[in-house]
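Right after this note come the structures.
First chain A sits with chain B, and in the next complex the same chain sits with chain C.
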Partner chain A sequence: MAGLFTADIENRGLVLDPRTKLFIMITLVVFALGGAGSDTAAVRWGTVAVSALPIVLLLTARSYKTAAVSGCLYALVKAAELCLVPHMTGAALSVCGMCCMIVIRLMPGLLMGTYMLSTTTVSEFIAAMHRMHVPQQITIPLSVMFRFFPTVLEGFASINTAMRMRDIRLGGKHAGKLIEYRLVPLMVCSVNIGSELSAAALTRGLGTGVRRTNICRIGLHWQDLSALALPVGLYGAWILGMIGVIG
Partner chain B sequence: MKEAARIQDVTFRYASGDAGALDGLDLTIGQGECVLLCGGSGCGKTTVTRLLNGLIPHYYEGDLTGTVTVFGKSVRETAIEALAGTVGSVFQDPRSQFFCVDTTSEIAFGCENMGLPEQEILRRVDRTTEDMHIRPLLGRSIFDLSGGEKQKIACAGVAAMLPELIVLDEPTSNLDLDAIGELREIIRNWRAQGKTIVITEHRLGWLEGLCDRVLYMEDGRITRSFTGERFFSFDTEQLNEMGLRALRTAHPYLTSRTGLTQIKPFDGQEVLTLEGFRYAYGKHTALAIDRLTLPQGAVIAVIGHNGAGKSTFTRCLCGLQKGFKGKVTIGGRTYRPREMLRQSYMVMQDVDHQLFAETVLEETMLGAEETDLAAAMEILETLQIAACKDRHPMSLSGGQKQRVAIASALMAGKRLLVFDEPTSGLDFRSMEQTAQLLRSVGRELTVLIVTHDMELIDRCCTHLLHIEGGTVTHDLS
Partner chain C sequence: MKGKDLINIGIFSAIYFVIVFIVAMLGFIPIFLPLLCVLVPILGGIPFMLFLTRVKKFGMIWIMSVIMGLLMLLTGMSWPPLAVSVVSGLLAELVYRSGNYQSAAKAVLTNGVFSLWVAANYLPLFFAAERYWSTRQSFGQDYIDTVTKLMPTWMCPVMFLAAFVCGILGGLLGRRLMKKHFEKAGIA
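Coming up: the complex of A and B.
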């Protein structure tokens, strides 16, 4: 899987609209992390189902390994929380209970974040922001920033290579200066690339007063609707639980 | 002939103090003309391209006098974004001119900025890809493209905006010979469409038959002007005298047989024996050399077409490739990849990535076994950079930075030096200096140079190592 906004567009499986991903992300934050509506049984089980959604999505994005590992981990921890933790007492309870809670609450959100960043292209991101009426003054600087990450990471990789050849590493002779030695060349390269990138952007008309067109096709398709069914259902159950229809 | 651009009595100095100032430059470019600007580094040719696309005065700051008009518009009074539809620019480094991660959006990027209707953009993208024969590149990830393919996409992105004038600033600096051939076709096509083209270049041979006019610049002025025909009839000596690179080289090395070939007298006896040089990325075999001996103390050019496995080979040799299991024998001792890391050093194309310290002297001492100041000074002396020993490495010129990197390798007692394209974007004089340097370093340790620069090979290499398809026993027919 590629890194930040460097989606491998040739081989990324099922494509979801960025807004769908954002909606799922928000749902995970509200229910898995925030624990909203956890006094209703239906919402509790619904949260488990929604927490499994990023794992399914990672499968559709062909990151089989990440999906399998995180799926097993989540299942194990959830089983432990349900079957073992209630029988524990004292220190074991606080330590295990804490660990289970961290994994169960945080992992789905982190996985969703990974999925979101690794499957969305910059153009899709801008198109989605545009549809959500976010002004150009915000989207353009953001998009240039995203474009910048992979290049900086590339630079970082070659700096690391050079350091290995010079035998500057943790525990080596110059361990204390590791950070400084890395940052100086990285900053010099970033400044150079950044200024060249801006120059190139200007000659291609970025920042003209006119409203930008975006040819990137985004929209809600069947896959978005199926991915959205579960989160929407969960909000429904929450509301029903709050007004006391279900218990 | 109608006039496309006129530069009148322009004097310019960069506020940053960068080289490339102009000193009373006059130039008129006719519509449909293809003009080549040449001259040594810092002669001001890049500055001229920046005047035409409006980067000067709108992006690079400095003192500008005189007037520049492009298709009747005064550049000074026209916003740079407004010029975008009229003047298209292709730059040196394909890495720093992309915004999107996929090729289709990248080609459409400029048109999107102009706010054209969606249908019109799709039509233009379609026509451009058709014209330039790059349909197979559509919908690909930018990060998986070769340098040549990236440069083609950059050209397509510019062409889709339908500019009247296209400026190219050293577009072949990072390209191999095949990619240069393809760029030539693109420019021939633009010429046939009647576009006005201005190119600055150090490598000149590929432009033969394309340029109507060649202008030679010195110290911010155009000092000589030739017709294309006259210029491309010059021989190597005449060009070198002007500080320009040769148009063609005597030996077309890439068509020679694969494997190791001696091309200059060499009397070393010792050898490095490489064994089990095999490496694969997933299922794709990138390198498959069972046994190879290289002469110790030689300067060896590593050549081959794009994707031949040259960089995998050098990365394996230096012990940088993870999971590589081959071995190298030097003087009866066998080294594993991890140990080769201590014996070798690679000078990267972007030297900035490997200079860490605050002064040149500190940088040199950094990799040293012990703090032997005298030895370090001696090395700096031999490499002729002792005078800048207290300067910050990042404040030096490209060639000086290269020397600092070499100094640190020598100081660390490395026995194998690998250079990745050490002369990309260098003019004739700097190339010659680099060649001399590599030759002198080569006597003490073994030097491998990955390069497409045939002129450099002619000047300093004793051997050729031609790799194709990851092996040295490839059948070239």
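Coming up: the complex of A and C.
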């Protein structure tokens, strides 16, 4: 799978509009993670269907392995939650409940996030945000941030290794320096990368005050409409459940 | 505000959010849930104080605060953090502006005010406890009981106070580290 925001444009399968991806993401947060409308049976089953959507999308993006592994995992744990968990008590319930929570509630959102970030280029993201009239003051920090996460994590992992070698770790000889000796190098290196990024952005005309153009063709096509049908239906079921039309 | 300022906001938001994320993972252990309010402002104070040395124009702190709220919305903490972060971010901005964007004491206070959004993550726990837990039944009754015992309603203002005080502590810690490391390296 490609890294975050570094989509392989030549070979990424079906292309969805960034706004479609964002809408599915928000739907997942509201229903799978937030558990909205979970007292209506139709919404409960709809949530399962929408949770499976990122797995289908990963298939269209040709990351077959991730899709297969997470699909099996989700199906197994959901089955376990429905059949086994009601009969458990005590410590077993706590442990299994935690696993169910992670796989059933968090995983769909995480998969969608991975899909969203690995199939969207920065240009497309900015174009979509521009169409939604989100001001530049929000879109530029957001796109820098998402692009920057992997860099921070990679740097953090390397610093962590180096510090463990010097015995600066939990339970090590210098545990007191644990945080200082990790955060300070991380920040110094991030600041340096930041000034390089600013120089690069300047050459692309960021901050000149003129209207920037964008060659990305984004828009709603048949694939977006078919991907949107399920989430929209779920919101519909939720509203019908709230006003009491379906039980 | 120029492109460079916006890029700086992005970079420091990324560092800050990585810290929030690592600390939030600890929240799966019941005793650590109220401690998020202590750990995030203190640890986040270190990058935030360095960020403040780069803030020279109105709006930078506010934007970072709004971004934190948006990220909380996207990671499933619902809307109260966003509502609070929009207000507390503006307040923090005004506090730092009153010191002409260079007062060290005001910077420490700014971190205290900025950190208030962390406490807003708990609001649903106090004011919509039944709804909050009805969507989290799978945590197990033991977890629910422990957290309910740890978090009676009067804890709500205490949480905000704790976030503020720890934000000031984090600001002081950040200042100390800046003097020790960053000024020497010429990046503060």
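Everything below uses one rule, namely that the second predicted complex is superposed on the first by the 177 of 247 C-alpha atoms of A that agree within 3 Å, B and C clash if a C-alpha of one lies under 4 Å from a C-alpha of the other, contacts with A are read in each partner's own complex, and residues count from 1 in each chain.
As a working rule, a residue touches a chain if its C-beta (ideal position, glycine included) is under 8 Å from a C-beta of that chain, and two chains touch if they have at least 3 such contacts.
Quick caveat, the model's predicted, so the values are computed rather than measured.
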First, second, both or neither for A:F149, with chain B first and chain C second: second
First (chain B), second (chain C), both or neither touched by A:L206: both
Touching partner for A:C100 - first (chain B), second (chain C), both, neither: second
First (chain B), second (chain C), both or neither touched by A:G71: neither
Touching partner for A:I159 - first (chain B), second (chain C), both, neither: first
First (chain B), second (chain C), both or neither touched by A:G233: neither
Chain B versus chain C as contact partner of A:N214, first or second or both or neither: first
First, second, both or neither for A:C189, with chain B first and chain C second: first
Touching partner for A:V122 - first (chain B), second (chain C), both, neither: first
Footprint overlap on chain A, comparing chain B with chain C: 143-144, 180, 184, 188, 192-193, 197-198, 201-202, 206-207
Contacting residues of chain A [partner chain B, same complex]: 2, 5-10, 121-123, 143-144, 147, 150-151, 154-155, 158-159, 161-168, 174, 177, 180-182, 184-185, 188-189, 192-193, 196-216
Residues of chain A defined as touching chain C within the complex: 25-26, 29, 33-36, 38, 81, 85, 90-91, 93-94, 97-98, 100-101, 104-105, 109, 136-138, 140-145, 148-149, 152-153, 156, 179-180, 183-184, 186-188, 190-194, 197-198, 201-202, 206-207
Residues of chain B defined as touching chain A within the complex: 53-55, 58-60, 79-85, 87-89, 91, 93, 95-102, 104-105, 108-118, 121-122, 125, 139-141, 143-144, 157-158, 161, 318, 320, 341-342, 344-346, 348, 350, 352-357, 366-367, 394, 408, 412
Of chain C, residues touching chain A in the complex: 1-4, 6-11, 13-15, 17-18, 28, 43, 46-47, 50, 59, 63-64, 66-67, 70, 73-76, 78, 134-143, 177, 181-182, 185, 187
